[in-house]
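A single structure is presented below for examination.
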Amino acid sequence: MAKKKLNIAIIGGGFMGRTHSNAFRQAPEFFALDHEPVLKAVCTRNAKGAADFAANWGFESSESDWRKLIDRKDIDLIDIASPNDTHAEIAIAAAAAGKMVMCEKPLGRTAAEAETMVAAVEKAKVPNMVWYNYRRVPAVTMAKQLIDEGRLGKIFHYRAKFLQDWTISADVPQGGRGTWRLDANVAGSGVTGDLLAHCIDTALWLNGGIASVTGATETFVKQRKHADTGETAEVKIDDASMFLSRFKNGSLGLFEATRYARGHKALYTLEINGEKASIFWDLHDLHRLQWFDHRDEGQLRGWRSVHITDGEHPYMSHWWVPGLQIGYEHTFIHQAADFLAGLASGKPASPTFRDALATEYVTDAVLKSAKSGQWETVRN
Amino acid sequence: MAKKKLNIAIIGGGFMGRTHSNAFRQAPEFFALDHEPVLKAVCTRNAKGAADFAANWGFESSESDWRKLIDRKDIDLIDIASPNDTHAEIAIAAAAAGKMVMCEKPLGRTAAEAETMVAAVEKAKVPNMVWYNYRRVPAVTMAKQLIDEGRLGKIFHYRAKFLQDWTISADVPQGGRGTWRLDANVAGSGVTGDLLAHCIDTALWLNGGIASVTGATETFVKQRKHADTGETAEVKIDDASMFLSRFKNGSLGLFEATRYARGHKALYTLEINGEKASIFWDLHDLHRLQWFDHRDEGQLRGWRSVHITDGEHPYMSHWWVPGLQIGYEHTFIHQAADFLAGLASGKPASPTFRDALATEYVTDAVLKSAKSGQWETVRN
Amino acid sequence: MAKKKLNIAIIGGGFMGRTHSNAFRQAPEFFALDHEPVLKAVCTRNAKGAADFAANWGFESSESDWRKLIDRKDIDLIDIASPNDTHAEIAIAAAAAGKMVMCEKPLGRTAAEAETMVAAVEKAKVPNMVWYNYRRVPAVTMAKQLIDEGRLGKIFHYRAKFLQDWTISADVPQGGRGTWRLDANVAGSGVTGDLLAHCIDTALWLNGGIASVTGATETFVKQRKHADTGETAEVKIDDASMFLSRFKNGSLGLFEATRYARGHKALYTLEINGEKASIFWDLHDLHRLQWFDHRDEGQLRGWRSVHITDGEHPYMSHWWVPGLQIGYEHTFIHQAADFLAGLASGKPASPTFRDALATEYVTDAVLKSAKSGQWETVRN
Amino acid sequence: MAKKKLNIAIIGGGFMGRTHSNAFRQAPEFFALDHEPVLKAVCTRNAKGAADFAANWGFESSESDWRKLIDRKDIDLIDIASPNDTHAEIAIAAAAAGKMVMCEKPLGRTAAEAETMVAAVEKAKVPNMVWYNYRRVPAVTMAKQLIDEGRLGKIFHYRAKFLQDWTISADVPQGGRGTWRLDANVAGSGVTGDLLAHCIDTALWLNGGIASVTGATETFVKQRKHADTGETAEVKIDDASMFLSRFKNGSLGLFEATRYARGHKALYTLEINGEKASIFWDLHDLHRLQWFDHRDEGQLRGWRSVHITDGEHPYMSHWWVPGLQIGYEHTFIHQAADFLAGLASGKPASPTFRDALATEYVTDAVLKSAKSGQWETVRN
């Protein structure tokens, strides 16, 4: 049976532009899909850069103005991999044009902005998804399955952190290519929207809704040169953010993100303690799941380091043979494959824009609490 | 030169009575000390138990009423290893009688209670110490040295947790031998005074004062049978406790303790992230220090797992040969040795009662915050 | 500048056919190469399977008789990913036809067979390479650099093992698809040629030539059903193989491979102990290198777990950002990229057929010693 | 009931003199024993040193000539903790005098020497034991229990190594206090009798007899100054030793020891692979047992890191509470307790002199093979 072509335009040629391009290239090689993704066009602000990116990744065309992609009839799907301040405008335009929309996380810079995006795709009734890629780490996907099967029993604790160390030097600028995440106008917030958002998305998925939070943020380096202006300016993003929370299921949550944890490049860790079993996972060894099962015989109870490389583990039958690990990029390939499978099945893959809005409600509450010094209720 | 005898009475014959007895027995074998500790008397509520304990550990006598020890002229030092509700009364009486006083942690059930104890020993001008034993884990002591040498540079983050899982079952009673820690009258608080207090004491020692906190506590099992009455009663201790904090040096702190973390028996972990280096340590592998030094050559930077068993590591020249680890009990031996050395040198070993009071101010603030939902300033 | 097309035919559509196809697909996306690999044809014994494989992976054509590929003028490179018993015949024919030749390891089933292959490519003067992919694990490549820079000093010990557990059940057949490695006629030997060969290739690369060996092999399951005949027949491969060795540089070697190590799927580990530093690496966490440097300050010496994900690590600048790991398949991508770069530079990438012959001399000596019970000198 | 006093004389005041003294001091505090060990006398060559040692450890008397201890009627047990060249003479004299004899490992410098010792104690029918202390690491003891319960099924592989790095510098002398292990006259052999002997004793205990071996040894530093003479002399011990073996149960063995493995202080590791389960343990984290059970549910199979600190683990009910680790010295305490319990029960604790002779047969065969280049049969 001939596959249906799905014409894709990716906006953004940076780090995320690369992961998305690779995801669509690789998904059909490893997953049996009804749709054949076609890399139709890529758009970056710089025409030469766009053309080079297109040549490298096999896109049929390139643009330097994303609006042209919205107008093109040969594009089915707009995939947004550009900085946060562009998400809403592009997504709303794409939805209005009847195109499917995928968007890098966070969805919007604020929950209010994200709400406009949700409204747009829901009004247009177009397939949509947000790239919270860590749901598709096989170990994390398996954690979800284990929890859904009730293997942990009642949950008492959820704790997650995302630690980096790349902005410790005061010489790192704010704004500009590669450092726009330090510019509050572009990024919306600092680590709260960047790193904590990942932790929160996974937590909501694994452990359900968060009722309330109390948080604190800090900006360790108060002034940085702005790459656009060359002027030193106040840093308005949060360098570090942490919060306590109460989940709706009665469990307690503890979350932290920072770019000032010397020695950690991208250490996202999560742990869930249930009555019967506990789970631990970390991104620096993403191919392992730590599992403790209280039902094991007493003297032999211990944390199991499960090497998530067997065919019976989520996604892994599509890859190599037992014992051989996959890496970071595969989470995007899985997400692309799931999105395409969702198109075929009619059961949209998560997280949709609406799913991702829930994360924005939490990050908004954290930032609000950091200012108010109070516990804040999370919107629903 | 003949050693000076130091006549010791230990009150309490449980877990801590054993660790203290062992500490005083072993310290002189491994450390060159001017004082010779003499196990003069032990006191437990049950006369038979006291006698058995004395016979086992080589005490010269036993008592079932601690007041008799206060009256005995042949006792130089009262060491309190009995439940928390007895600390203040004994300590104050001992100090009033001019005896040296050592006390298991936490010092008092509340800061107010602890203040009366501090006042008593300071008025009496008697040597005093609190058994916050984890300061004497060689890896932790070395962390202190590294920080004091400025090797970490400016500190950004401090995080610590103490996880256990022994009270998950609703069948564990409150009150009684071995379970008095679940009885708020006896223990004062739950994990806050029991486990968090350890985390806080170490934090204050390593990272200086805490300015303010916001915390949350939870009691997962609301009703438990009381071992004394046989009646089911409300559980008034905190099963879990966590808080965010701001240290006076500008760093952020994140603390958590619980007895509901399935898979962890006594997992006390701490991590400190500085501008130049980071440290991680955990009690389940207490003989290792994890060290990351940003000054290492770039491509070879990595967390070093330092096996703290060499002669140049704190305390270790007193033990065996490189590669051979010591365990939990040695932290008490080190503390006993340091106390005795402090008597000889005239430089009291820490933490004194006053030092330990600082921890009480933090735990009080955490518990207050857990009720108020506000950030609370920590007293000084 | 237009890239030169390099027309590739891959023979074999199994596990290795997939890794090679992926390697040639992905290399040009991540590496700047003068040549553009074109997946011209794939060949498997089954015409339908070949066509399906071609469709999935984007090959322009498919064949079920490899000889047709030799005859085709539009093929520049024959890449052999079929079982061991086919390597020599195909490679020799390809070389005779003037084609470049790449070959899965081991080169031949015996050193004698491998010698005919070396002679063929050297006579034809065609570029050639053997897929000992583990040289291109970034951590292993970095180990090579560290050794070549003299950072380890004089080498004392080299130890490697490759442990699997997939043939413990007596129900695994010999021969047939997926299990031909248990058929001595097809595979040549058991774990010696399959797993030990990897360990030896890396060892020769990192630590130089092996002078002599004494080995032992064992076949735990003596009889297995043959998938081709359905008959139970004697198992003639080695299930386990181990040997002691002396390297030419005076260091001692210890090697072991087995498919009977319960709990290990593909645990290839290697450790090198030098006068100044030591290295450890294992395939189950291939993105980490363990490094111990005696020149570190005494009290802070420890094994560093280096997360090989930074731009300054070998190959890693081509991938994502620090902290994000790659996986198994990337080793093949690196090897394909290096081969193509070697074509452009005129400096052939290793290991060539001749390089790989050195490994065969060692495996031959091990198998000979296992029979003779003597130390055997390794040919050069 | 009054305890029987057991009057003990320890010969040797070095590292092992300390571990034994501590063992006899501590055993009665933690284990309920019918016998009360009395530290009656210690003997070292230097009278002042002996007196100091006695004062420190609480021995009632000291001697500088061990023969006087043999003559003393008030000594029940001679415990030999002096260098290897003294073992046989002392043990034979002690046995002839009707005294119980305990001896540090290795029993003799050669199997022939050890045989004379076995003959002596068996003729005299005196209780006897060799301090192969690693059998009493709780994790190792539990491994023994698991194997004896048949939980591993048929055993395929046994591998052990003991790695140190303290003699890499050519400045380390041979002979003299602390370095007598490098003097072949005193030590008998190098790492074979020192480190491999430990590995072999445990292996024979866990996995039964070794049928045959092929080995290799190396002396990396050929000349060292002798501490006694000040003259540079040939080094006659083995710096490194490794061997392949076949166990009587059909499993394969791989053993290695060296003092030239940079980065390892006392890394004794052992792994056993059985049909159903595997075990791994290492001395640098001696309080953990790694356990892989193939009977676990497929997707959740993984190596369990069992923290051997619970009351249901061997020996641990005598120590502290779950989660709190013990260390190296405790293995000697356990052995002393077991010896004393064996006296009371009439069931001698292992390893007896005869048990330890089996290890000598293996080390002799290894050293013989290292010279002959042949497989050597191990005597029984």
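For reference, chains read A, B, C and D in written order, and residue numbers begin at 1 within each chain.
The definition used in the following text is that a contact is a pair of C-beta atoms (placed from the backbone, for glycine too) under 8 Å apart; a residue touches a chain by one contact, two chains touch by 3 or more.
These numbers come from a predicted model, not from an experiment.
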State which chains count as neighbours of subunit C and simultaneously of subunit D.
A, B
Max Cα-centre separation from subunit A goes to chain D
Using Cα averages as centroids, what's the distance between subunit A and subunit D in whole Å?
55
Would you mind pulling out the distance in Å between where the CA atoms of subunit B average out and where those of subunit D do?
36
Distance between subunit A and subunit B based on Cα centroids, please, to the nearest Å.
42
For subunit A, what residues touch not just one other chain but two or more?
264, 301, 303, 307, 310
Subunit D partner, complex, touching residues on subunit B are 15, 18-19, 22, 25-26, 28-29, 56-58, 164, 166, 264-267, 283-288, 307, 309-310, 319-330
How about subunit D: which of its residues touch subunit A in the complex?
142, 289, 291, 293, 296, 298-307, 310, 312-313
For subunit C, which residues are in contact with subunit D within the complex?
156-157, 159, 161, 163, 165, 168, 214-216, 218, 220, 240, 242-244, 246, 250, 252, 254, 256, 258, 260-264, 273-278, 292, 294, 301, 303, 373-375
